[in-house]
């Protein structure tokens, strides 16, 4: 790994520690934004510029804005929920996760396969990192997952709206086709 | 778009069109629908199921290898669509009782999750699997929280969401590790490149088992099930217990069989442990439950344990046993949840009345409900003439054929333990004299639930006696899946 | 000929059914019942008499009749068949003869009992069962009769079932008999194993080839059955209590017929016993002891029926002494004579009780010879007979037994009476001595009962009256038989029987004894003993009536011991009944309730539920703890199977 | 011997008709209007009567003297798993069928005391009858198991809905106790079916195919243990009997008559039909265990019955003792014992069934089962006393009653097998007299308590009609049992010869552990009998 | 060659930190963010593998993961709002009515 990558990795880890460590949800949200930027930097370094752009645009931009908006909406920026690390359970959790990391590292060292199998294995496409190649693959091979993801987003919207919006009418004469039918 | 893609796409188009049509109609509040909204949902499910029929005889993959068009997908699609249709029927006009504001959005979400479920089962590519998995999960999180102003429902939704997201992240990480270890996202690609199972692969498989284990509610990952089933409105917990679990089992089986089939020696030990734990702990805790929904939740955990036994005997007909068992399991559990739904969806006093005492004397006052519940309970317990017994019988024979006789004995003993709490329900309904509770479940049943209960009960009985035809289709399904 | 043989048991059966059918109707039918039953008994007596007459004409003097094959599990087959030979003839004549007389007597005795038909039905049923026992062609048909009579004695003893005491006595009789029957069953099984069949002809052919040890065992087991049925030590306790039944019952069942079944069985199985010397010694000892013990108890009894009951036990002891010394014909001779005088005594006692309005305590009698002359005379004759007064039938049969016991040692090769008791006295001499002593005591207590009942002044407060003719006729007939039979037909009877039993040839044959001077001295000696007993009895209870009271005062302990029947009942209660019921309650309470039900069944249920409670608490409801538990278990699972699975790192 | 089991479908349908007739009855009952009791009873009577008549014609057509299966029906049920629907009747099951149909008919006829929900009560009885008949004729492992479990549900409802005070506990205990045994048997059945696939290629659950299977010693013992456990719970064999008293005490009269009359026999029948031919080595090796438990059951049942205060509990424990006899007969592995055992099953069905009817008569009038509440009934109800006397004698095994023949053969067989066991078993006969007569005395004799039992009425014509056939049977079997034995003999002989022949050829289990060798009397009894024969 | 393993180490580390955050976190929104963190860790792994294998599958996977993450957050926050409306707090340890 190049030196820059290592530096950015350390920065990413520090900022993610910040996300966990901060008592105030607002601070941790900001730390998360920082982490996302560092991750986008990693993508860029790896040559996937388009992905890095999307990362910054979608993740940092849209999702985090929404999160911070909700934090402000619920007025949580003031309360200091202390996720103190001293509690015995948390220490145990940290220990288990340490072991977990060790296990993952040992696993990752060996297992990575050599040659790619069925992907579009030519360096040019990857390197130019442009949207063109991704778009081309996305709408030929991955068309079904793409459509389903569309469905997914639509469902998420309907669900979020249904569940979060203020209750407009008292239960009895709720709008909707059935209620109307009853009225005749 | 080769012909196979068209055949594969037809049902999906039909379903999507139905959903969007419903959305638009509801959006503009045009009551063009001559019949209540729920029958629209049933209509869509019916049409899609009809379009799935050509899958029965085929055995290829469509959408450039992403989606499998074979009997296995057909079988599970039928189950998922059937389950959704029955959920629609069951919740007809009973939603008020569940403190749920009746609106088209719910039906949409149910249909979306059904679509997601089918995609999961049909997926032969990890990405499609993941996206289907998420579509199903997202919709069900919302459905759980659909009784917005009830604390239990929102708490259930919260728990389900956090733990669901947590486990899907693990699933995803598992996929990444497997992708790293094998170099391909296609099940066939994975199977081809597995070779000597490296530690990274095994951990990947382990994490994916965690993700699916959570969805199927196997024991170490089952903690959410009782709370969510109790919190969610009964029709939704019924939907989750049946459709979601069936879809998760379908995808899990396809992944394990065609993806990691060749290294089954390595992960079968883990599956065996999960199976035994689920059976035993599921049954043992269920003994002490007073709430019917929580009891049914633990019973579904136990039954997930029984179904996992099928995974141990991939070669020797275990798969067919799992497919058949899921079919029978869906019939029994939906019937049970249906009865609880009807009983607890009366006046204000009833809403959180899901205690076993609420069923008191039901056998005599409401013969249909009584019989449906008794058949469901006895079938879940595995008493012979009913479907539950035949399902268990297939599972036992597969396990014994694969040499896991000791697990078959454990399963037999667990059935005995389960007898106790299933029979307690029958005791409350028939043996403990007249009804002391003030309220009565609705005397004359609305057409929807009545039809659904009759269908489910006769289905359970039918499966008990004439099960061979369905078992053969299940065998064909699994055979096609293995060579894929 | 076979037809009549089949009819003999059938008559009483039909009689029983008829009387029972009309039991529910009005008063007129009740009287009829008695006569129907008696006609049935007399009818079967006549048939038997005909058969007996025809018997001598038949070659080999055996008539057999085969009804049907009862059941067969090849190679073992059981037929429902009857055998009529000399022995059976004798017994059947006694049963039907004495039976008819007792039926006649019962009509009078039970004249004002509301449930007469039921009584007579049971009596007839008893006759049917007894005839089955005696006429049976194989041990199993005999066993049917054996248990049948046990049942009838149970029904008859508990006839007046309003009073729970009678019912308990009836049940005690049946259960004790059943203990004997268990031994009988085991004997039969052993015989089936050894010889493959139970028919008497088959057995007598097979037995010589069977291993001697098995023969001894079979003999002992069958003897246990006899002990149960014929009330020998240790299973005699039911007979005294059986006096709770009406007196005709005691007369018929507990004197003449049923109790002698054991003796008949040994006679019938004499082939087996002749090959089992050790068994015979046991029989001899048991017989002697029973005779002695019963006699001692009879002395102190005050209830007239109890006296006669213990006297029956004692006389049965005598019969088994005869059997024990392989003198089967002598035993049967004593059975016959005993049937006569004991039935007469019981009926006499019955008519006394009937006269004194159901009073049974001898201390309430006295001076009845004037009021009931006929009963007195017949009672006197029978007492003399039982006491062994010279030239009465009792004397002849008892003397014969004492004689065979005395000199059995020399000329009975089959008998190995080398068993020595008390220093060097050979067993049989010891038994003879005890036998003589018992004869003395018998004479004494019978005379005592005679004196207390018929002499002195009347101590009761009822107005005694003589019994009607229907009761006194049987008394007179039997008294005559008791007096004369021995003298007139003694010789002919022995000839008749000995002709039947080939074995008796070698053992103490009566005729031989004629020229043997030792026999004559013995005869005189036993006459003396009998007369001495009678004289003492007369003296004690007439002239110097102070002696018994003085004796009672001095030998307080001994008297008390005897009055309480050697504490045998209490002994059984303490050693057998109470511990058994204690053990069963223990079994039920602790094993059934606590061990199997409590611990195993409910216990496992509770264990599983406790497990459920523990695991339930794990479900704390907090999401973060769920996530924590899930993650930790995942980690452990992966660790677990990574460690076990040999995976190249 | 193999010829016995390779069947050809004989084309007639009488067995299916017999088995499913009550089922049709139950279904038509449920379609009837709810409240019309007399209609319900007449319909139930019609179907039960029809079933009885069919069983009688079956008896008439039954060919005596041949061990082979008759009226065989063969049909595929679950082809993929080789599960076939095979019915057949032979000497072992013909009398049990008739006993079932007779007792069911009598129970339905005598169901006057059931006040509420008579329709469902009769429906449960008919369903129960189907289950019982099916179990007795089924020859395929799964079909047998299906009917075996089908019986549990109606019996569970009979006890649970119409039972006494602790009915729920008793019903649950009954169901779970039996289900535990039967589920282990299910695993064994599955294992057998699969091992047939390994050894002979195709999966089969038919008894005839299983007979050719060969197992290792430990494997055979384990499988036999699974079957033996299920059937021992059903019998009930000594340590596993605690469900019986509770089930009997709480069950309604009809329920306990059927439970005692027929359900208990399935245990013994199952052992003879399934366990013996398939695991001859194991049955030979474990015969001593069964003898010991059987004899223990006899003595234990008798003693505990003696100290009971509740009549039904007393009769229930007497059943434990009686069936201890049957087990002893079975385990003696000789002709006398086996035939005695099969005959004793029928006798026990008649005598104990009648005894429960009698208790029912008292319970319906006075609603109490405690012995102390009765006394001196002879004066008030003489007819009842007479009938009670006859069945007490039959239960005690008095000669000329049905009890004696069976008991005699069993004790003879037991004695030949092991004299000590025979001797202890004979004490059972004595104890039997003890507790039955003490029951009879305390209930019937003694002083009559007018003010408490004054209103007792004697047997009404309906009850007399119920007892009449049973009385006739008691004396018929007692006096002339040969026709019954003729039909039982060929089948038991076939099974016994097959077991001995298999053990002679490949004494698999017995050879390995000689300790389990059968104890034999000094001279081998069989040899002795042969000497006599020729 | 070391690049991919390096990034995999990084993703493993980030993933574990995310898990730690979820297990320790008390505020629902913080847990939500930690889940996002875990998903990002996986994205890094996918991207690294895509580069290593020289194929685009990994990158497309990242796209799908991102869209799923977005949908998840949307629904998650909606649930948090209803939770807030019913429990007036977003602490997970408050919502414990369902248990046993």
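By written order: A, B, C, D and E. Residues from 1 in each chain.
We take it that contacts are C-beta pairs under 8 Å (C-beta built on N, C-alpha and C of every residue); 3 or more make two chains touch, one makes a residue touch a chain.
No experiment lies behind these values; they were computed from the predicted model shown.
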Requested in this report: Could you tell me which chains are in contact with chain A and with chain C alike?
Outcome: B, E
Query raised in the report: By mean C-alpha coordinates, which chain is most distant from chain D?
Result: A
Report summary line: Averaging each chain's Cα atoms, the one nearest the global Cα mean turns out to be D
**Report entry** Centroid comparison with chain C (C-alpha atoms), farthest chain
**Finding:** A
Requested in this report: With contacts defined as at the top, give the pair, B-E or B-D, that has more of them.
Outcome: B-E
Query - chain D and chain E, separation of their C-alpha mean positions in angstrom - result: 66
**Report entry** Whole-Å gap separating chain C and chain E, where each centre is the average of the chain's CA atoms
**Finding:** 98
Report task. Find the geometric centre of each of chain C and chain D from their Cα atoms only, then give the gap between the two centres in Å, rounded to an integer. Result -> 37
Query - chain B and chain C, separation of their C-alpha mean positions in angstrom - result: 79
Query raised in the report: Could you say which residues in chain A touch two or more other chains, in rising order?
Result: 93, 100, 103-104, 106, 108, 110, 112-113, 115-116, 119, 142, 145, 149, 152, 155-156, 159-161, 163
Report summary line: Within chain B, the set of residues that touch 2 or more other chains is 127, 131, 134, 138, 141-142, 145, 148-149, 157-159, 162, 166, 177, 180, 183, 198-199, 202-203, 226-227, 420
Query raised in the report: Which chain pairs here would you call touching?
Result: A-B, A-C, A-E, B-C, B-D, B-E, C-D, C-E
Requested in this report: Could you pull out which chain C residues touch chain D in their complex?
Outcome: 68-76, 140, 143-144, 147-148, 151, 154, 158, 161-162, 164, 166-168, 170-171, 174-175, 178-179, 181-182, 185-186, 189-190, 192-197, 206, 211, 214, 580-581, 583-585, 587-588, 591-592, 596-597, 601
Query raised in the report: Touching chain E in the complex: which residues of chain B?
Result: 127, 130-131, 134, 138, 141-142, 145, 148-152, 154-159, 161-162, 165-166, 169, 172-173, 176-177, 179-180, 183, 185, 226-227, 230-231, 289, 294
Query raised in the report: Inside the complex, what are the residues of chain B that reach chain A?
Result: 12, 16, 23, 25-26, 29, 31, 33, 36-37, 63-64, 66-67, 93, 96, 99, 101-106, 108-109, 112-113, 115-116, 119, 125, 127-128, 131-132, 134-135, 138-139, 141-142, 145-146, 148-149, 157, 177, 180-184, 186, 189, 192-193, 198-203
Report task. Can you check the complex and tell me which residues of chain E touch chain A? Result -> 2-10, 12-21, 23-27, 29-30, 32-34, 36-37, 40, 43-44, 47-57, 59-60, 62-64, 66-75, 77-82, 84, 90-91
Requested in this report: Using the touch definition up top, name the residues of chain A that touch chain C in the complex.
Outcome: 89, 93, 96, 99-100, 103, 106, 110
